[in-house]
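The letters A, B and C name the chains in turn, as written, and every chain counts its residues from 1.
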Amino acid sequence: MTQEFLITILATAITAGTPILFAALGELLTERSGILNLGVEGMMLVGAVSGFIFAVKTNDPWLGVLAALVGGGLMALIHAFLTVTLQANQVVTGLALTLFGTGLSGFLGKPYIGVPIENAFKPVNLGILSDIPFIGPVFFQHDQLVYLSYIVVPVLWFLIYRTRLGLNLRAVGENPASADSLGVSVYKVRYFYVTLGGMLAGLGGAYLSLAYAPTWLENMTAGRGWIAVALVIFATWNPLRAMLGSYIFGGIDAFGFRAQAMGIAIPSFFLKMLPYIFTILVLIMVTRKAMANRVGSPGALGVPYDREER
Amino acid sequence: MIKLERRAAPSSMGLVLIPVIAVFLALITGAIFLYLNGLSSPKGITWGQVFAVYGGMLDGAFGSTYGVSETIVKAIPLMLCGLGVSMAFRMQLWNIGAEGQFYMGAFGASWLALTYPELPVYLMLPGMVLLGLLCGGLWALIPGIPRAYLGVNETITTLMLNYVAILWVNYFIFGPWKDPQGMNFPLSKPFEPSAVLPTLGSSRVHFGLVFALAIAVLLWFVLKQSRWGYEVTVIGESPRTARYAGMNIKKNIILVMFVSGAIAGLAGMAEVSAITQRMQQGLSPGYGYTAIIVAWLAKLNPFAIILVAILLGALQVGGYSVQTTGVPAAIVFMIQGALLFFVLGGEFFNRFRIVLKNQGKVEV
Amino acid sequence: MTESLLVDMRQITKKFPGVLANDQVELQVKRGEILALLGENGSGKSTLMSILSGLYRPDAGEIYVAGHQVSFKSPREAIKAGIGMVHQHFKQVETFSVAENVILGSKDAGFTMNTKQVEKEIAELSQGYGLQVDPTAKIWQLSVAERQRVEIVKMLYRGSKLLVLDEPTAVLTPQEARELFQVIKQMTTRGQSVILITHKLNEVMEVADRVTILRNGKSVATRERSQVNERELARLMMGQDIIAPTKRKLGNLGQPILQLKDVSAPSDSNRAGLCNVSLSVREGEILGIAGIAGNGRRELAEAIVGLRSLTGGSITLCGKDVSNFSPREIIEEGVSYIPEDRLGSGLVPNLGAIDNLILKEYRRPGLGRGPFINRKLAKEFALRLIESVGVKLTGLEAPVKMLSGGNLQRILLARELAAKPKVIVAVYPVRGLDIAAAEAVHQMLLEQRSKGAAIVLISEDLEELLKLSDNIGVLYKGTLMGVLPVTEAEPEKVGLMMLGSQPEEVKAS
């Protein structure tokens, strides 16, 4: 394997991993607040389609990103309303969100299938950073959204572990009754992070339709939303680990693309299965480890909070 | 001032009323989206046209003998997948892999039909049923076993396997099974007549309906009258109590996952044998996912599943029939998703009642 | 004299479905006093205090704090007004440190939380009141008494003028309780007030300045401590004189039935599980097990009933080795279990009475019929059991979670005692029950004892253990510190053992 090939694979791993990364960060925040949102796939699709439509109509990809944030956020608000206020079953609500998002994106996107986009995100050279041997081409010859993710990850890490807001967030996810008794509004925190999570999922979707692919296809997320949900478990709810995990998945994706170029005679159908099978294997391994080390999920994950519950 | 009050027991009116209201609200939601979408199109749209779309859907689904039979044809896989899913849901196993189990059941059945085309019908069809059940069931065991022994989240694993199953089937119909006379379409060779499930009369309604009805009765009986059904109910409601009572939870998780997948696999077998009569791409327009809605809407009750499946089957047929007028078929998924939202939200009013303070109680 | 009143609650009413928890309750707290709020379980004490601390909102009534009318929409507003509550179930985030728990929700710590500074403040604050707390420790590492101190520090850190303590001594040894009383007396000397929720008369007499008594959701009286005695308090609390419990005679103990030899078992967290526990329970004996939560009580119960696998040692039942039998096999050996969490691990909340009552019987011949359940016999069986414990049900299919705690426990006991058990493991069998229901449960256990059952009674209430047990064993950090005949088990002595002293040391001291 030449160094050049390695660089290509690693650089592709990052671009392929970035949509999953955004979505996983969103789900991570959501779950930290104690709400499980299995609608990531649906929110990503809505983000992807609304981003694409706005970018095409306005010819400005950043307005597309904005639309994706709004689209994903609105979808997540539905989830927040049903699970936080109406205390509905979080698993089934998330599934409904995915079904609804799939339908909505297909409905809205129908006229845009095959429409070309002129102003998609393109790699931006970061000068000296991009010129560093090996590091430069792997990390710093990407588009702006990838660079944005480099900022978002440490910011979220700092938010969760080092700030008062993060303390409130973790407390609400671990023991809402405790947070509530000290005046942290469980509802506000949950609404806020569920919505923020949806916005990030929307951003992940927009990355697909505005930078990675760039085009609109029905169901173009192809299960990435679900992979993101699995990644959060792998990441033990830590943004830095989520980043690492996303790039590993991106790498597997990239390998699938390049394997045939490498002359590996495996039918493409089987190569395309790799990320899904890998997700299952990772989940099994992570669960085993979690059982051994008792690395738990947020204590109140999936449990509705009702102050007057007796 | 508005205030919520917890109900001592769920309201019995609500049990019936909520799904009805939910269906109504979901249709209104769909109408609003149709209208907004129409407004942004160059031709514009009026509310009359929106309702004409619904009229068209209703007409497509129930307006003719053909429509009715198509509705039932679409409902059969929904019934079977819904029954399968409901079994797992009852034990709080979130098997959302019915889609994949459906494909694997179809795959197993097709394998027999294509590999041993010369088999007589009395061996062929029972063999296909058996393989459909087995392949669907085994496919569900792949997530079922890690769930039982390690507690691995089955929601994600069952879903991942949907993609794998579809890719697996695609490999065969794009490769080894591809019909040489198929003009390069992703299709297998057509089955021999011995591998085709009989239909009822001259319609396309097939023997799968009998499977679905029989399984509904069987599940109802098992849940109500058998020790196993009792164990499944107790484990689903309270695993800790079940463990103390000496029930084998792991064994039951595996068993339930197998049964759940097997029923979905049977749906795939029936579809491929009676409807397409060959393996082909896009065999399911998402039956496995719609089945989740069917099961939840029916509150996991086997007989209600049959009825709800017909309703959603009609929605699908109606959706197809208006597609020619330029309405995207995705509207069907959207309405289904919205329907589930309203049902989920409506359950809240089963547990709480809204009270206007200092005034009389208002039942919702 | 409203000037001296810190809190004035007038005509407070609060309804829950089917229960009038508070009915026009009146309560006044003066500055710098300890007010005892006395009442039985279910008399509405916790509800009233949850209203005062902003957790619940009253349906009617007015609250004044320092002369101003208030209407708390959340605990935050109550805390701001200087009212802090220490709940019976501590509201703590176990994975956080003490300092993180204390500053949670407070804006003083700054956006990026100066943890070092906060830890220093907490250390100083707690020392001022004589509260021993390590601000850097994680909550899950702490004992129950330490966790209670954290709750108090949490409220003091927020400048509470009134501290509400909900049954604080229920989880403490007598020694720890005395330390706590020292702390709250210390608080009153600084002008702070304390409401002590309790149902123990001796506590009222020991620390309170005044006492307000609740009965059936109504405030029935308020008295100065100096003007009442325990007898009058009891009468006010129950509405009648209590019949002194008849001193039961010690039973005739028969053959050993249940024997544990060097039993070791892990715990769920990293805390002590069970460590080489050996004990023996004879026919007709009630062996009481005392110990502070987290010292192996639950692990002991679960090890005996087969829910927790042993890492060492053996358990024998009537001479038969049953170590690491499955729960089902243990049931077949005639062991009954009344678990700590009756609704969560003893019953199925959403199923009806029949389905709950046949839980241990459904697979035995009789109710079972091949792979099926004979539903007709099941109904008869259930009706028989329901009648035997005298529970009135609205319907056999109605979810049992709708029943009161006392009726739930009766249903559970009916099922567990139906099969004439050889061994009964009962964990906190009367927790949360009112006096009548508790008495009924005790009678049922004593009846089983006289029928020759060997009973292991695990409780957090020393009085209950002393009243029922023949012998009392004490668990500390997973080790059995010793077993005392009830005649030698004075509360003080048992308390010291619960804190880790050997019985010999206790005698010497």
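Simple rule for what comes next: contacts are C-beta pairs under 8 Å (C-beta built on N, C-alpha and C of every residue); 3 or more make two chains touch, one makes a residue touch a chain.
The chain lineup, named per UniProt: A, B = Nucleoside ABC transporter membrane protein; C = Nucleoside ABC transporter ATP-binding protein.
What you are looking at is a predicted structure, and each value in this text was computed from that prediction instead of being measured.
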{"item": "Chain separated most widely from subunit B, comparing mean CA positions", "value": "C"}
{"item": "Interface with the most contact pairs, given as the two chains involved", "value": "A-B"}
{"item": "Centroid spacing, where centroids are CA-atom means, of subunit A and subunit B in whole angstrom", "value": "28"}
{"item": "Whole-Å separation of chain centres (CA-atom averages), subunit A against subunit C", "value": "44"}
{"item": "Subunit B-subunit C separation of Cα centroids, rounded to whole Å", "value": "47"}
{"item": "Interface hub residues of subunit C, defined as touching at least two other chains", "value": "16"}
{"item": "Multi-chain contact residues (two or more partners), subunit A", "value": "308"}
{"item": "For subunit B, residues contacting two or more additional chains", "value": "6"}
{"item": "Subunit B - residues contacting subunit A, complex", "value": "6, 33, 37, 94, 96, 142-143, 146, 150-153, 155-157, 159-161, 163-164, 167-168, 170-171, 174-175, 289-290, 292-293, 296, 328-338, 340-341, 344-345, 347-348, 351"}
{"item": "Complex contacts: residues of subunit C adjacent to subunit A", "value": "16, 53, 55-56, 74-77, 79-80, 85, 87, 91-96, 100-101, 103-107, 109-113, 154, 269-270"}
{"item": "Of all residues in subunit B, those that touch subunit C in their complex", "value": "5-9, 224-228, 230, 233-234, 237-238, 240-247"}
{"item": "Subunit C-facing residues of subunit A, complex", "value": "162-165, 167-168, 170-171, 174-175, 177-185, 294, 299, 307-308, 310"}
{"item": "Sites on subunit A touched by subunit B in the complex", "value": "38, 42, 78, 81-82, 86-89, 91-93, 95-108, 110, 218, 222-223, 226-227, 229-230, 233, 267, 269-270, 272-273, 276-277, 279-280, 283-284, 287-288, 291, 308"}
